[in-house]
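Structures given as structure tokens follow.
Each of the next two complexes has subunit A plus one more chain, namely subunit B in the first and subunit C in the second.
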Partner chain A sequence: MGPTGVEGFMYPNEVELQWSILIVLYPFITGLVAGAFILASLERVFNVSAVKPTYRLALLTALAFLLVAPLPLQLHLGHPERSYEMYLTPHTSSAMAMFGFVYLWYLMVVLLLEIWLDYRVEIVEFSQTARAPWRWVYRILTLGSRNISPRARRIDERVGYVITVIGIPSAFLLHGYVGFIFGSVKANAWWSTPLMPVVFLFSAMVSGIAAVMLIYMAASKVRKVAIDMRCLDTICQYLFYVFVIDFSLEMLDLIHRVYEADESFRSLDFMVHTRLWASQVVLQILVGTVTPLVLLGANQVFKFREGARKAMYAAAGCLTMVGIFAMRWNVVIGGQLFSKSYLGYTSYKLQFATREGLGASIVLMLLPFAILWALLKLLPPWLEEKEPAGI
Partner chain B sequence: MEINRRKFLILTTSIAAMTSSGEPSATSSPGAYDVHAHWWGMTIDIDKCIGCGNCVRACAVENSVPEGFYRTWIERYEVPPGEDATPVVASPDGGIHGFPPMQGADAKRFFVPKLCNQCAMSPCVQVCPVGATFVSPDGVVLVDEKYCLGCRYCVQACPYGCRYIHPVKKTVDKCTLCYHRITQGLTTACCEACPTGARQLADLKNPSDPVHEFLRNNKIQVLKPQMATRSKTFYRALDGAVR
Partner chain C sequence: MSSRLKDAAHLIPLVLVVLAGVAVFLLFRQVLVPKTFGQYGHYRAAALDDIRVRPVSFAGQATCAMCHDEVATTRSKGKHRGVSCEACHGPLAKHADDPAAMKPKKLAGTGLCQGCHKADKAKPAYFPQVVPAEHSGGAECLSCHQPHSPQMQ
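Now for the complex of A and B:
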């Protein structure tokens, strides 16, 4: 009798899954970062002024999630205390070795710098008006630069623009790179496709835009202020366009696999019809992609009342998040459920109170929201608000 | 601290012992192992393997392989007649206890011993983020367990399922081709234990090694040639059904 949960033949060392739900969170979180940043860049670089109310919120959302992005990886390592070796002695042929550098580049050069430049005037003002001890925090955040003359602001604006321009390919790099980590594993037929980085990139944009939209709606509700419907309509319009591209790419991948029908096809086809049916066909495609596309698409064709639009957008946003999470799950977990011999299948047993269990994942998913809450208090992104809230 | 002659002698002997332990020196003194003079691989003759499991047991003992994980294992293939028949494959406990007898004479049956293929273009080496997995100058894929992060990327990258995470060390583990033995002029534990000589350690750089005759006189195949890993585990009589 074979090991529990195994059907057919697995190589003996394959029975245990190597990458757990934490590795599902990794592309999910980095996707939110990249997507949120790209939404922010719409206003800054492409002059889509309608989305201005979400510009700063998008940047802070990206930062909150970026700070958490390496934690799932760190928690997953057999020896997390050695992870610094990736910086000291990176193996240049390894896709994964570049993570630290891509991450640091994005965090330090793009995101922190852009946020600092954008908030510099407020930081300097708060460093003079806020009460201690927050005044000291703002003083530190000024980094000693207190010149907010019109000339200094113009320079800030220009430098900020350049950083955003650099930031767009950097965001592409960040998430395209994550896709490459999977797409370049030739031993795994489920992952090995050059489309993987592109699919990851567009799905990142979808999830990031949807996340910022939901956070904006929730924040407006909490703050009891009216939602800027022009902003919301525009965000959803972009969400729809990007989602169409993302879905087309995923369908292209699917059609390619079905038409080519190589040696892995029978195995993958079996998986989609059995172990991945609920997470892929139902959750990812029907619930998480087709339904939000219909909701968003309907708004491009018909004119609904404001209340209906809000409800439809909120539903579409939530379902999108479910769909993109399911997509990450299906890639990471799905890619390990079949044997590299194509002769058998295993199963994934998600536990709760373990280092790589559901409990840890929930904490890791809540953590960015706690960080975001703190960031919103420290650096209020609301345009009409000039006081640091609660300080 | 005062160092007298006795302490001095103990100290210098200890330093000499410390520096001489570990991997053999590349600089050769007469009889010493020259790491550049070898290029190790293995030959496996499917027709000779009887599935006794001696190799798996010998490996487990020699290398303290944790229970439930395998540096080497044996698969039993049963290929039913028919042009599109899916083989029935089994490897209960990696074949460590051998295999129960099978009934019926219809199917084609054979055993396939598996182990790390010691690839010259190894995907596991390519993906290791810190270079903890490397190919030694004599062609053996090794792991520096003091350096491995335990990220498992190499486990994913290996097309043959040869790697696992050691449950105690939390680092990756795999067949080392009994590096501690072959550098002392011995063969691997699995080859030594094989009663039929189905497995043979091969030194491809040694012109007098029987491997050259084996490769010349037989129809040879490697596992998953489409992976282009330049595997150095050469199989004779490997059936097309083998994955």
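Now for the complex of A and C:
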């Protein structure tokens, strides 16, 4: 009799999964960052003025999630106190070491600079109007300059534009790299495909756009202000387009696997029809992809009333998040459930109150919202407001 | 200063903050990376000295054969000629240094044999493997096989 949850033959080092739910969270969170930034760039670079109400919100959302993105990895490490060594002595053969620099570049050079340039006028104003001790915080953030003349603002605008232009490939690189890390594991048939970075990238855009849309809707409800329906309709239009590309790419990968039918196919096919049926076919494809696509697609064809549109967009956004999380789950967990011998399957038992359990994952998923709340208080993104809320 | 430069002056502290960040990183790198790192390859060269001072655990095949030449001769003629003594008997450098100070433990026959010879789909078909219950009906392997040359006795 084999170990519990094992069916058929597994090599000894395959029975227990090494990459847990925390490694599912890592691509999920970085995807939200990349997607939120792409949404912000729609307004800045591609002049889609309809989405302007979400521009700053998208930037702050990207920052809040980016700050949390490395934490699941740190919690997964046996010796997190050594992780900084990756920056000191990086090796080009280590995808994670290179990813560390991509992460730092994106955080320090792209996101923080763009937010600073965009908020500089408010920062200078708040440094004079806010009460202590927040006034000191804003004074530090001004970096000693109070010049917000129209010419200085034009220069900020131009520099910000250049940073966003650099930021778009950086955001692509950030999440493409996450897909690359999985796609380059040639020993794993479930992961090893050059399509992986592209699929990850488009699914990141889908999840990030959906997340900012839901946060915008929730924030409007909490603030008791009307949702800008032109903005919401435009976001959902782009969400639909990107989702169609993402779904097409995933189906292309699936068709390619079915047609190629290499030596791993029977094993992977069996896995999809048994252990991954609920999470892949039901949650990811039917509930998390086809249903939101139908909801979003219907809005491109028919004209619904405002209330119905809001409900359909909210439902589509929530289901999209479920679908993209399920996609990350199926990639990370699914890739470890089958044996390299293709003769057996193992199980993943999710625990709760452990270092890599569900409890830690829930805390990690709530943390970006707490950071976002603090950022929204410090740097209110609402265009009509001029006073920092609660300060 | 021209007015255009004056209106861009607020970017100078920003550039200085970024440069200060890079300088701090380089300083940390200078302090924290071990001095001998990269001397021979992508590792700390002084680690070799650390490893060298660790006590040796394995005596090596040739050392065993110096005293146990009779067993070594038997083994060299049998199917186990490719298996080194310490693969089954464990690390015995202390025993080789002073045979009286450390005696090797007697090995548990059946369990040890099954480690390699219990039937398993993952093993190549040419490798001798058995289902113990069918093969011996629970009898000790050593009752029929001689481990240093495992043909039937």
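Simple rule for what comes next: the second predicted complex is superposed on the first by the 391 of 391 C-alpha atoms of A that agree within 3 Å, B and C clash if a C-alpha of one lies under 4 Å from a C-alpha of the other, contacts with A are read in each partner's own complex, and residues count from 1 in each chain.
Simple rule for what comes next: contacts are C-beta pairs under 8 Å (C-beta built on N, C-alpha and C of every residue); 3 or more make two chains touch, one makes a residue touch a chain.
Remember, predicted model here, so these are calculated numbers, not experimental data.
Asks: Given the alignment on subunit A, is it a clash or a fit between subunit B and subunit C?
Replies: Once subunit A is superposed (C-alpha atoms), there is a clash between subunit B and subunit C.
Asks: Mind working out whether A:A187 is in touch with subunit B, subunit C, both or neither, as first, second, both or neither?
Replies: The answer is first: A:A187 touches subunit B but not subunit C.
Asks: Of the partners subunit B and subunit C, which touch A:H91 in the superposed model: first, second, both, neither?
Replies: both
Asks: Quick check on the superposed pair: does A:L343 touch subunit B, subunit C, both, or neither? Answer first, second, both or neither.
Replies: both
Asks: In the superposed arrangement, which partner chain does A:L143 touch: subunit B (first), subunit C (second), both, or neither?
Replies: second
Asks: Scan A:Y11 for contacts with subunit B and subunit C and give back first, second, both or neither.
Replies: A:Y11 contacts both subunit B and subunit C.
Asks: Taking the superposition on A as described, I'd like to know which of subunit B and subunit C A:R82 touches: first, second, both or neither.
Replies: In the superposition, A:R82 contacts subunit B only.
Asks: Any idea whether subunit B or subunit C touches more of subunit A?
Replies: It is B that touches the greater number of subunit A residues.
Asks: Give one of first, second, both or neither to describe whether A:A152 is in contact with subunit B, with subunit C, with both, or with none.
Replies: Only subunit C; A:A152 stays clear of subunit B.
Asks: In the overlaid three-chain picture, which partner chain does A:W116 touch, first (subunit B) or second (subunit C), both, or neither?
Replies: The second partner, subunit C, only.
Asks: Between the stretches 7-15, 25-33, 97-105 or 115-123, which region of subunit C is in steric conflict with subunit B after the superposition?
Replies: Clashes with subunit B appear only in stretch 115-123.
Asks: Share the list of subunit A residues that count as touching for subunit B in one structure and for subunit C in the other.
Replies: 9, 11, 85, 89, 91, 341, 343
Asks: Report the residues of subunit B in contact with subunit A in the complex, numbered from low to high.
Replies: 69-70, 73, 75, 86-94, 114, 123, 125-131, 147-153, 155-165, 169-171, 227, 243
Asks: Under the definition above, what is the set of subunit C residues touching subunit A in their complex?
Replies: Interface residues on the subunit C side: 3-4, 6-11, 13-14, 17-18, 21, 25, 28-29, 32-33, 37-38, 42, 120-122.
Asks: Note which residues of subunit A are touching subunit B in the complex, please.
Replies: Within the complex, subunit A contacts subunit B at residues 2, 9-14, 16, 18-19, 73, 76-80, 82-83, 85-86, 89-91, 93-97, 99, 181, 185-188, 336, 339-344.
Asks: Would you tell me which residues of subunit A are touching subunit C in their complex?
Replies: 9, 11, 85, 87-89, 91, 108-109, 113, 116, 120, 143-145, 147, 149, 151-152, 155, 159, 341, 343
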